[in-house]
Structures are given as C-alpha cells and as structure tokens.
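As written, the chain order gives the labels A, B, C and D, with residue 1 at the start of each chain.
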Amino acid sequence: MVNVGILGATGMVGQRFIERLGDHPQFELTALTASKRSAGKKYEDAATWYLDSKIPEVAEDVVVVDTDPNEVKDVDIVFSALPADIAAVVEPQFAEAGMIVASNASAMRMEPDVPLVIPEINPEHLELVEIQQKNRGWEGFIVTNPNCSTIALAMTLKPLYDHYNIERVYVSTMQAVSGAGYSGVPSMAIVDNLVPFIGEEEEKMELETLHLLGDFDGESVTPASFGVSTSCHRVAVLDGHTEAVFIEMEDEFEVDDIKNSFAEFRGLPQKLGLYSAPKNPVIVREEDNRPQPRMDRNAERGMAVSVGRIRKDEVFDRSFKYVLVGHNTIRGAAGASILNAELINEIM
Amino acid sequence: MVNVGILGATGMVGQRFIERLGDHPQFELTALTASKRSAGKKYEDAATWYLDSKIPEVAEDVVVVDTDPNEVKDVDIVFSALPADIAAVVEPQFAEAGMIVASNASAMRMEPDVPLVIPEINPEHLELVEIQQKNRGWEGFIVTNPNCSTIALAMTLKPLYDHYNIERVYVSTMQAVSGAGYSGVPSMAIVDNLVPFIGEEEEKMELETLHLLGDFDGESVTPASFGVSTSCHRVAVLDGHTEAVFIEMEDEFEVDDIKNSFAEFRGLPQKLGLYSAPKNPVIVREEDNRPQPRMDRNAERGMAVSVGRIRKDEVFDRSFKYVLVGHNTIRGAAGASILNAELINEIM
Amino acid sequence: MVNVGILGATGMVGQRFIERLGDHPQFELTALTASKRSAGKKYEDAATWYLDSKIPEVAEDVVVVDTDPNEVKDVDIVFSALPADIAAVVEPQFAEAGMIVASNASAMRMEPDVPLVIPEINPEHLELVEIQQKNRGWEGFIVTNPNCSTIALAMTLKPLYDHYNIERVYVSTMQAVSGAGYSGVPSMAIVDNLVPFIGEEEEKMELETLHLLGDFDGESVTPASFGVSTSCHRVAVLDGHTEAVFIEMEDEFEVDDIKNSFAEFRGLPQKLGLYSAPKNPVIVREEDNRPQPRMDRNAERGMAVSVGRIRKDEVFDRSFKYVLVGHNTIRGAAGASILNAELINEIM
Amino acid sequence: MVNVGILGATGMVGQRFIERLGDHPQFELTALTASKRSAGKKYEDAATWYLDSKIPEVAEDVVVVDTDPNEVKDVDIVFSALPADIAAVVEPQFAEAGMIVASNASAMRMEPDVPLVIPEINPEHLELVEIQQKNRGWEGFIVTNPNCSTIALAMTLKPLYDHYNIERVYVSTMQAVSGAGYSGVPSMAIVDNLVPFIGEEEEKMELETLHLLGDFDGESVTPASFGVSTSCHRVAVLDGHTEAVFIEMEDEFEVDDIKNSFAEFRGLPQKLGLYSAPKNPVIVREEDNRPQPRMDRNAERGMAVSVGRIRKDEVFDRSFKYVLVGHNTIRGAAGASILNAELINEIM
C-alpha cells in the first residue's frame, strides 16, 4: 500500500477524494490537510460532509493538519484540491519535500515542465517529470489534470483526433453548481435562472484541450493545431457538466464511424486495468434525449463520459454535432487526479 | 376598437394572449375558443389560470366556444395558440370565413404564400397576403410568427445582417420549460437535470431564421444564404430562452460596432409606435454575467431581447460570440402574434 | 427461489420494484404486467426507465403481459403498483387465482379483512389472511402496505407508542414529486413554488396510521385511539418525504428517552434478518439541520427513516417535536411491499 | 415630502426598501448607507442589484455613506435593513441623533420600551415611543417590525383573536431562500432538497407573535396568553413564505365564520388609506391548491397575506387548519417597516 494524503480535504473536491480513497486497493489514506482553523481537529469535526454517502471510516478519525509539508509525514503521494492561489505556493513545497503531487488545481497546469495529463489521452506527457525534477532540483514532482469541463470534452475529442483531422470545434457548456464549490453559487442566483458566465473557464477549455492533445517531442509539448471556441454557462444541476459540441472536420466522414470511434475508444488505463479506469471511457447513448446529467453522471462510477445525439450537421459540410455529460467532481476532478496517481504508481 | 378572439385560449400561450389583450387600446377581446370539453363554460371556470397575474376582467365572464368559425361572430382578428395539427385544419377555415388569423402555430409557417413575419425584421413579407388570398380564394388570411427560440435569435441577427455579411452561425439554446406548455416537462425530468433535446426545434430554428431574413421579390421569399446550425436543450427555468451564439463573418469587424448595431437597432414597429413595440428591441448588457433569464426576460414588458457577453472570438478569425435572452411566451409567442396584428391593423 | 411478478411494472413505483428485485436472493422476477398497449413488448422497449440505475438484466428481456391472472403463469407472489381504481378490480382476481398479492395500492387497504401491514409495526395483523380467505373463498390473498407518508410517520410513532401514551399528533409534510408518479407534477407547478395540497393524502395519513398501530383481537383491528391531524404539501424535491411532527404525550417524559426509543427500536424483520430489513429502522441524527431529503433518503438502502431536531416543545406541556425523512418510493412503496412479502415468505 | 434614508442599503432587504421607496408619494429617498467598503461610491456601483425590477432612478446616483448618523444629513426617518449585531449598536445612535428609526432588524424588538408593531394589528403600541424617549433621553426613537414569518402568521391570527379565544397554535413553515439574504442558502443546499432548520426563527415566531397581540396598558405590553409552537424549514422557493397552521379554539365555531373573519378584516392602515396598505390585508382563496408562493406572494403589491385550505380539523375538537403565503421581503420586511413609517407620519 502507498500512503497518500489530501491537501485541502474539507472542500467539495476534497470530499470526493476522500470518498474515492476510502476503500482504494492501493492507496492508504493517512493524511488530511486544511486551513489552520481546522488543524488539530478530527476530520469528522473539521468538515461539514456535503456528499450523500457517509464519511469513509478511514477518514473520520484522521486528525487534520495544516497544509505544510512538515506536517505531512510518511506520505508518498498527495492529492491537491487547493484553490489556485494557495496551490501555486504550496504544491512546489510538497514536491521539493520529495512527494508526488497529483493536483486538480489550475496553478501549475500551464508550466512547460509540468505534465497536464489524462491517462486515456496523453500518458506520454508524464515524461516531462524528469525534466521538471532536473529543472527544479526536486525529489518529488507535480502532475496535474485539466479543468473539469476540459476533461469531459477532451475525452470525446481524443478518439476523433486519433482517426480524423479536426478543423474546428465549438462548445457550449451547461455546468453544474458543484463546480463552483459548495457555497459558490447562491440559490438566489440559480433557481428559475441560469448564469451565462464562469470566470476563466472558457480560456481554460480553449487552451488545455489543445495542450492535452499536443505532441510531446521529449522536451516540450506542442499543442494541437485546430481551434476550440467555447461559451460557458452555469445551470441548476448539482453534479454533471453537459456540453453541446459542434465539430467541423477537414474531410468527409460517416456518422456511424464517429460513433464507433467513441464506442471503441480505449486508452492505457483500460489496457493496464487501473482500479479507477472505466471499462468504456466514452459511452454512446442512442436515445433521443440523452445524455442527461442526473441520469448519466454516475456512469462507470462517475469515470465515463456519456455522449449522445451524435448527428450529421445538415447545414455545414463535413460537420457533425453531439452532446456530452461528464461528472465534474469525479471524472472532472478527484477521479482524474486519482487515475493519474494510479498510472504513475503502475508505470513509474 | 377591433374585435379579436383567441383560438386555444386555455393553454399556456392562450393565457399570455389574454393577459396582454386584457387592456389593449385597439383590440377588444370578445371571443375565446377551446376544445369541446370547455365550450359553454365561462372562461374562469374553463381554464386553470397559470400566470401569476390575475385573469383580466374582460376575459373572466366570456363564454368559451368550440374552435369553429361558425361559433365566432363579429370578430375581425383571431389569434391562434392552437397545437400544430389542429391549426393545420382550423386556421384555413377561419381565413376562409373572412377573418385575419395571426397565428403562433407552426402548421402554416412554411407555406410559400403565408407570411412568416416579425415586424422589426421583415414587414414587407406581408405583401404575400394578396397572393395568398388570390391563390386560395379567401376573404381573410393567415399570417404567422416563428418559433420562440427563432424569434429571439433573429431579432439579434437582423441588425447584424443589415450591416455585415454573415458567414455562419452556431447556436446552443437553454430553453425554459413553459415552451413545452404547462404540463410539457414533468418536474421529475428537470429538477437537478436538463434535457438535451426538443422535438423539431433545431429544424425550425435553422429554417425559419433564414426565411425571416430572406428576400421577397413580390412573388416569393428566397431565404438568406448563410448557415445556422443549432443544438437545443431544456433547462430548469420557467420562462425565458437563453441562447449562446457563435458567429463567423465574411469580413473583419470591430466588436464595438457590433454592439452599436444591436443597441441602435430600430424597426418599423418602433417607427410606427405600435402599442406592443419595445422602444429598444435589442438591449445590450455590459455586465459579465448577463443576460440571465429571470432577470432579463421581462425587459420592455417581455418584448425586448437582451444580449450580453458580446466578445471577440480569440480562436477563430472574423468571429465573435454573445449570449441572448428573450421571453419565450411573450416576445417568442403571444406578443409576437399581437405585434403582427398591430402592424396589420396599422398598415393594411 | 419464489417466482414473483409485478403488476403495473412500467410506472415510477413499478420501476422501483424491478430495481430492488433484480438481484433479490429469494425472489425470482418472472412476470411483468402493464396496460394492453405495452403487452407483447420486451420490458426495455415497453418502459422509459426513469431511475438513475440501469434496468436489471433479469427484467430487460421479460415480455410484458396484460394485467390479467390468466397471463401470469407459475408465479407465487405478485407485487401491485397499480392505480387504485384498477387495483380494486384486478387484485381480487389475482388472489382468487391463488396468488399472494403484496400491494402498494390504496384500493383494498381499508377492507376489514385485508391486512395493512408494516413488518416492523404490526406483523400480527397478517393473521387476517385466514379470515380473508375464508370470507372470500380465495386460495391466494391480498396484503397491503400504507401510503408513503403514513409509513415514514408510523415507523417513528411505533417506538413511542410502545413506551408512552400519545395524546395527539400534528404533522405537516413536505413531499417529493416522485410520489405523484413520473408526470404527476409539472415543472411549471413546482419550480420556485410549492403546492399545498395532495389529493386524499391527509385522510390516508390520519386513518392508516391509527390502523397500523391498532389492536388485532383475532377477528378485526381496532385502531389506536389518539389523534393524528395532518397538512400535506408538495415541494421541489425528487425523492424523500420530509415531515414536521408535533406530539403531545399524556405524561411527562425525557427527550433523551425519546431519542433512545427511536435509536433502539427493532422489529420482527430485524429479528428475522429479512433481506430488505434495515438494521436500524429509525436513525437518529444529532445535527442541527438534518434530516434532509437528498442527504438522508437513501439511508440503509432507502429502508430506514431518519429523524432529527428531536426537541422539547417549550410552549406546550408534555410535548416535543421532530422532523423525519423517509424515501417515499422505497421505504414508502416498493420496499414496503417487498418487505411484506419477505415476511410472509418467512413465517407463513 | 419627508426625507428618508436606508441603513444597510445594498443587501436583499435594503434593495426591497429602495424598490418601494423609488416612487413613494410622501417619502423622498435621500440617503443610503452601507459598509465602509461601499462608502463613497454611487449606489449603482456599490450594489449588485438582485431584483428583477430596475434600480429606481432616484437611487442610482445617490452616493453611499458609512452607516453613521453624522454622515446622514437632513433625514427624518431611516429604515434599517442592518444585521442584528450592527443594528444593536447603530440604531440607538440614529435615534439619539434625533431620527426616527423604522427597523426590520431583530436587535431591539424585545426591548420593553421599543414598539414592535404591525399597523393592522397593534398600532396602539406606538405609544411606547414616549416612554422610550423619556427612558433613554432620545429626541428620535426606534420602532420595529417583527420577523418575516411572524408577520404573515400574525396577520392571520389578528382577525381570529378579535373574535375568538384561541387555545393553541401549531405552525410548520416552508420558507423562501431570500429570507437568508442573497448568498445565505447555497444552491448545493437546496436543489432537490430542503433544510429543516432556520437559526432562531422558531424562537422569534413563538415570542413575537404573542407580543404583537399583547395588551398595552399605557406602560408596557403583556403578551397574549395562548401558545404558539413552530417548526421552521427552508425550501427551494425564491420569495414567499408558506405556513401550515393548526389552531385549537377554546369554543366551538363555524368554518364559514372563520373565513369571513379573514376576508372582512381591516385595520387602521386601511381606514387611514395609507399608501402601502393593502385593501384586503388577508385574501381568502377557495381553490384546493392555493395559496402557492409563486402565484400569491405578489398579491396587493406583496402587502397582502393569502390564506387557503381553511378546513375543519376532523380529528380534534374545536380545531381547524389553513395554509398561508406572505411575501417575506415585502410584507415580511421592507414593506412592513415602510407601513410603520407611513403610520407614524400620519398620526404622530
């Protein structure tokens, strides 16, 4: 068993980490950090548990410590659910102290020597770790996963990108409130309403998606060269981001082949049989009115992305459209970091 | 005063007609029709009033009659809130009987001799009426307005189309549940959820928008020649459709000029000062997170469309994006038909 | 294994029956009935699956038959999720044909020779079966469970009734929309709203609760003699009924003793270790703001009732208050009928 | 015109004050206060406007000042929408400085020399002002209105109390999220959920209701002597508190007489024709399923309380039940304070 800890364990994503590490076959949850205010308390006293599952027993009695590498002993991997500004300061300290940091925070994602990885998409980017350690003189290292809405999108673009030349992608999102944290979206803002704006989300999607699909030449990543334009919106859904995707290809295609590309897609986690890996990373739904967030977010324990309404665009040439749903705090956050750690644990 | 009636007066859109005709300065509400089951009852007994306003006094005691031109006496204009299949049969009967039918139903919209009109956009299409009457030997005639999500979109495309060559348009909608009628969307389908499909909506938007912006040469309408591709979704909002719009132009432009085109847009109803005409048909919002359906749907008594987040597309050349909100059962339905009737009443 | 069928298998409660019988250790699901329209189709084609679980494999390929005992072969127990009016006609036919009918319908609940049973509360009422069979000349028989909101309430009154003399009970409910069936509550009725009325619900709660706690003297049931007055309301919650309960006792008590009565309550299903029996039928929550429907409805696979805010009434003597949450379509419907059948299977 | 100001003008209730004072015939809005952070900014820059109306023109350009009597010049009446802890310190300073403080805050409500007043219920309690000024040596004075859920309840108890001897009252509330302020209830807490707890709300309702209906003997108020026991819950409604009320009388009564007491109730504001006074303070609805918060909260510009489901309690003697809806931030907050000020302006 590998000892693991969670940085920022009391928030929304921190709780998802705990939920999924409570009975993990390879990872033993031994450390939980939070702000100074919570340090010294047992986890069950420090946190208000927001999920409808129970707090895993392994976490209940863990005494929360300050988010400081000196407080986190005998831990090999830390998962980071920290806010970006704190992550920028603290994650390097943990890497310097020799730990592997599997981070869901955005702070380090775009550093040229920090891998931004989804195991099904670009596991080879992990080779950046060596460069990172050399550059920075760290014993440990940082590996990151993308933003929640990016992950769901990229999971569906990867099988296409493997078979086709993509010309351009337009994406309009309908994102769940949990993405903003437990108190991020007041009920007054969202009941009988929606909010057509999420700070920095569009920029992240447009940049990170191409980075994930980019080429690694042993030194650095060259982003994929097609275009992704996004519009991001918050709707009255608890969990599960929905995205309407319009794609123009460079060449002709058959819609059935597109569907097959989705349905048959398998990546390295599937080959290696990693514990958190979904059997089918992309699930194709044939019903008229699916995927829907409440119905499909938990597919494959929340680790698969569901796509539906795959249809030819009757208006534009070489174009088609689909709708996807992915669980934003599982596949799009905690589950993504854990899958990264499982891959690292297996191959590095 | 012109005597008017409402066909299908008990449903969601029927009630919006009544609400807005209750104190209309030119139209006197004298006839209400519904299914046979309701015929013979006073309106307040026949209908369950769904709106949070009161039933206008003028309607309360009107005795509902069957939807049959023989039952509707001394009426000049009938507004149709009928389902498409019934409208297809009944609206021609009313036109034949000499009445003007201002219809919100989709049945007759694509008939080549039936005007599909938004007064701010294509009032000249009303000249089709003469052809229609000649073709069909009717004393009355039918004029239609488009689908709710089409109207809001077209209101924002018109000022652009007047100044620019549009290349293509992608639209992703987040539509209110009232668009499906009072019982159309079960709460089990939409609480903590969304439904990424609305039957025939995408087809209507893609076709009707270009028809509205099309050229009328005195004989027939030639649709505008750019492309509109749509993806339609239902969200947990009561009233007010939101649409994320991505536009590619043929030529370069300044975003500020786009904003001005919206803000300065005025049409014939504004010039004529029609009673239901909004002063500003398109309202530009500068806040980061507007327009929002609950906050903006009632702008200008529900007759204006609000646009915001007007921004350059940093990814694609000659492209920009915006978000719009329009009230689906007012500007997008009852209010649209009434404005058509006001225009007809004024100029024909 | 006992062969079982479901009458009315395509609706909301029918689906909960299927979900819970998919992997039942004693019951083999072999027959599904629905209206004539569905008969002849495979279940997965006949039903739109509303739950966020998958259709159990055992049900997918079952060919749905008409709700007629002649169509249901080699089945020992049928679970009824029929509407009351149909149940009134059909359930006796199945009992006459020799089957055990475990019914969630209200039709037969108040027949003096039909047991209305919750296994934790009044298993001894099952002795009415003999009288029923004699009276009616049936080989099979009917056993019923109460209305959903009654069950949750009665589960919490039973441990009190065992230890105290209850004087009166006031209950105000906040009930989930699933209780009205999938299409029962339009979203237009409940978004940013609540509906303070549920047809016949108050009457059922006031009558059935006392019947469940009533004495069976070998011949008939004499209802408990205290009073239960209710006010029932529908709120924007998918699953899980919440009830605010005010109780006046005949004598003084300690609140801690009340809590213990709840926490220590065990019934016959717990003693017998029935498959669907919750370990703790009544779970006591100590947090200020629990139970909450989304957080607590699934406690013990949806079969436990959670109570919280147990507090002395500072205004009225010998009085206290609490709030309860129970899953309305599991503990309050399908799960209740299945637990009845498990008990019958074990002891009769 | 009387010059008025608002203390705490940027919050939820502060905005309702502004909305209703924007075109008030007697009150001229000249001062707005907020926290230091907002001081010095124009109101439209200092506040995020939450209401779906526009900011009244009169307020847009007012420069916000610190909540300090030295900053508020030439103002006769200040309305207080301050949090209780700040109100406790600041309201006395404004009274000392000679201003009339019409407060919605709870801080001073239970001071024996501070009137807690609803003009329809206990205008005579205003005579406490003289005692207050004498006690405290103030030129100005403080008058308060009760908590939002108390007001709606008390408005319906007053007509009963005038005609009957009430024995006891049980109330279960379903309260709107706006009652907690704009950010008070996260969407994660209330979508597909409810929260069965509101801090200190039950205590306020139980105490303030009896105080409002209490006798003033020229010196002090003796609370009414019947009992009110409450259970308070937060539901997914934006505005409008709903309350289920169970009442036991001391004597027999006819339900029709109860209805008449409600319908015919008029108070001093109605007699005086005060500007904000509803014509019918209590509106009786006869439909099965009314009142509903979205449909009835705005009755009489949000100043009337709607009651429905008035029915005999078939279980308990001399008992009946009803459901009420009142707008919590209008009748229950800003509108209540303004009506108090109108009454003071008229009679003192």
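By definition in this document, a residue touches a chain if its C-beta (ideal position, glycine included) is under 8 Å from a C-beta of that chain, and two chains touch if they have at least 3 such contacts.
Since the model is a prediction, treat every value here as computed from it, not as a measurement.
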Chain pair with the higher count of C-beta pairs in contact (A-B, B-C): A-B
Chain whose mean Cα position lies farthest from chain D: A
Rounded Å distance, chain B centre to chain C centre (Cα mean): 47
Intercentroid distance (Cα basis), chain B paired with chain A, Å: 41
Where chain C touches two or more other chains, by residue: 191-192, 236-238, 294-295
Chain C - residues contacting chain D, complex: 168, 170, 172, 174, 192-197, 199, 206, 227-229, 231, 233, 235-238, 242, 244, 246, 288-295, 308-309, 313-316, 319, 321, 323
Sites on chain D touched by chain A in the complex: 12, 50, 177-178, 182-192, 236-238
Residues on chain A engaged by chain C in the complex (per definition of touch): 52, 191-192, 294-295, 298
